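In the two complexes that follow, chain A is the common piece, with chain B as its partner first and chain C second.
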Partner chain A sequence: MKGVLVFSVMTLRMLFRKRTPWGILIGVLLALFAIAQVPSFSVGNQGRFILDFGLFGIELGALVLALGLAANLFPQDREQRTVMPLVAVPLSRWQYLLGRFLGAAMVQASALLVSCAGLVVILLIRGIRVPGDILPATVLIVSEGWFLLATVFFFSFFTSPPLNWPLTTILFVLSQMSVRDFVGLAPSSPDLMRGLRLLLPHADVFHIKDPLAHGFDVAPQFFALAVFYGLCYTAFMLSLALAVFRGRDLK
Partner chain B sequence: MTEGPPIVVEHLVRTFQVKAGLARVEAVKDVSFNLEPGEILGFLGHNGAGKTTTMKCVLGLLHPTSGRARVWGLPPGSAGARARLGYVPENPDYDQSFSSLELLRAFAGMRGLGGTEADWRKLLERVGLRGWETMRLKNYSKGMRQRLSLALALQSKPGLLVLDEPTGGLDPIARKEFRDIILEENARGASIFLSSHLLSEVESVCNRVIILNRGTVVRTGTLEELLGGEETHRVSYLEDRTAREVTVPSDALQNTIDMLRAKGFPVTGVERSWKSLEEVFLSATGARS
Partner chain C sequence: MRALPLLVLVLLCGCSLNSDPVDNAPHEVLGEECDLDHEHRQHEAGHACSETRWFFTQPWAARWYWDKLLRDGFVLLALAAAVTLLSRRRGS
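Right, the complex of A and B next:
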């Protein structure tokens, strides 16, 4: 496990030395700032609006960060042949995958937490009460972000980066859909669609922005279960990614 | 720990599909060989002969189509096999944003090796990277990356070194230093599997040579077996005042001299010569009949 940790720190340093995460973070912070500039009817409504759209912006940031950080990692390692000396000697394939994932996950989580801090600053500047659950809400988005990151890794082992972006985005959109909306995509075969929906991830468990925006309390058990669900799905996607990676030749 | 020869390759076959729908190309066809402990085994072949493909199967980077490879009796890519292995890839590359010292530190951490910064500096000095320890790899030339690659391979004092065209980007002095390091490592007890285009290099360091042609082993043996018993003589003579040479086997020397004299061609010199590895290689690969 020490090898994985060392490699994840190496990945973390490599990613921080690149411009990608900084560019995305600045983009998310600018979007949050822009949301705060939208005029509203009353102070109460403006608070709800900023929270609702701010958290949605951070969630989109999680998707863009996952793609920006990881879609190119393995293809670039393969193209530049940097993966070979790593996988031939110091690391096994699962250590390589987990190390790269953990490094990218740490960068993504840091960027999302900075975005959350940015949202809090905007709320404070606007004189809007900051809900206590904003940090747990961001942790849930981080959990969703890690699932998306694992999905990007999975696709990266058998598709090119330009194909990875639409595939992951489609999965992200599908994972937001309710069973009813999903069945509506193919009303002629509802059972098949229901079954398919069961297999696909349910990203709605990560969303507490609506109750948060409307001032409702969220039970701590819900947070714990949602984070657990996110971690389980992340582990599942990483297992799939490893199965694909193990079968790959490194020419 | 399971112990076996450093490398065993048995009936290895590897095919590739060049393009979807097209027939498969056999890059390696039924290749079998062993690398014995303490041996330096040279792997020769022209471009596309299947050298790198075989090496990658030994390292677990490629999956064989059939047949198998074992490293110290273990499956390629397994933790036990990797633990006693050092690898210098052809055209090595590493993350450009790191320095060689950072990379050595990280690789040591990944492999669970003990060692201090002083050890890594000493190792970099040994491969000729003194003064470049903290410089980022983006400033390195191809030859410097090769030196770094050798340092990373030597870091764990491995029992087996797999070197794929290790001196391709090096100047003659660096090649000599590289060869010296290979011999030092062999003297330490490391077995070495060396693929190279440079026949002189293979001739000067290897105990045994395998010649690969279009994915098949065409010649194998010790250098003595491949080069010995093939003593020849180069006979120089004048034909119509023009200097000419003819190379003949030892047993045909007297007949040749007699024949030249009979034709009235004065013999100006006779030199003893041995068949070079280049001649053996060209003859084995069909480049010279």
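Right, the complex of A and C next:
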């Protein structure tokens, strides 16, 4: 486990030196600032609007961060031939995967926490009440971000980065849909659509912006369950990624 | 070893069966929208009104859905362990 931690810290430092996470973070913060400038009829409506679109923007930021951080990691290691000596002597393949994932997950979590803190600051400056559930909602978005990160790692072991982006984005969009919405895409063949939906994750579990924006209290048990579900799906996607990685010839 | 993808597929489907909160919603929640007409659309924050079925059958509000969420989590963990062990055996 020590090897994993050392390698994850190396990954963390490498990613912080890159411009990608900083660029995405600045982009998300600018988007939040722009959302706060949209005029509304009343303070209450503006609060809802900022929270709704702000949390949605941060969720999209989680997707872009996952792709920006992880889509290139393995392909770059392979191209530069650094992955072979790494998995040949100091690390096994699962340690390589877990180290890379933990490093990227820490960077992504930091960026998402900063984004949510930025949203809170904007609400405070505007004199809008900050919902009490904003902290558990942030944890839930981080959990969703890690699930997306694991998905990007999974795709990165058998696709190129330009293909990874649309694949992960399509999975993100489709898995946000409820069963009914998904079946509505092809109403003429409901059984087929229901069957296909069974294979997709239920990312609608991470939808938390609506109750927050409309002033509803969310039970703490739900937050715990949804974070648990997100972490379990992350573990599952990582196990699939490892299975693909173990089967790959790195020469 | 060829059974691995099949196993994953079957268990993944199993953990998603009856996965629509609306399909599994109790009558009180689904009936709620029928009790109010369109004149009652204006409402205070925190109160249900007409055409709100979508809102109140979201996972955060669908308490009847939470047991399934917990079960799915454990199924996914079991799947992750099975895939990791089987892929390790195949690799060695």
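Convention: the second predicted complex is superposed on the first by the 251 of 251 C-alpha atoms of A that agree within 3 Å, B and C clash if a C-alpha of one lies under 4 Å from a C-alpha of the other, contacts with A are read in each partner's own complex, and residues count from 1 in each chain.
Criterion: a contact is a pair of C-beta atoms (placed from the backbone, for glycine too) under 8 Å apart; a residue touches a chain by one contact, two chains touch by 3 or more.
Remember, predicted model here, so these are calculated numbers, not experimental data.
Because the two structures share chain A, they can be overlaid on it, and in that overlay chain B and chain C fit beside each other without clashing. When the two complexes are overlaid, the chain among chain B and chain C that reaches more residues of chain A is C. By the touch criterion stated above, A:F236 is placed in contact with chain C alone, chain B being left untouched. Shared-chain residue A:R19: touches no atom of chain B or chain C. Superposition on the shared chain A places chain B and chain C such that, viewed from the Cα centre of chain A, they span 120 degrees in steps of 10. In the superposition on chain A, A:H207 contacts chain C only, with no contact to chain B. In the overlay built on the shared chain, the residue A:R180 is in contact with chain C alone; chain B does not reach it.
By the document's definition of touching, of the two partners only chain B reaches A:M10; chain C does not.
Closest CA pair between chain B and chain C after superposition: 7 Å apart. When both complexes are aligned on chain A by C-alpha atoms, chain A residues 93, 247 touch chain B in the first and chain C in the second. Chain B meets chain A in the complex at residues 56, 59-63, 77, 79, 82, 85-87, 89, 91-95, 97-98, 106-107, 109-112, 149, 152-153.
Those residues of chain A that touch chain B in the shared complex are 2-3, 6-7, 10, 13-14, 17-18, 80-82, 84-85, 87-93, 95, 247, 249-251. Interface of chain C with chain A (complex): residues 4, 8-9, 12-13, 16-17, 19-23, 45-46, 55, 58-61, 63, 66, 69-70, 72-74, 76-77, 79-81, 83-84, 86-88, 90-91. Chain A makes touch with chain C in their complex at residues 44, 93-94, 178-180, 197-200, 202, 204-205, 207-208, 210-211, 214-216, 218-219, 221-222, 225-226, 228-229, 231-233, 235-236, 238-240, 242-243, 246-247.
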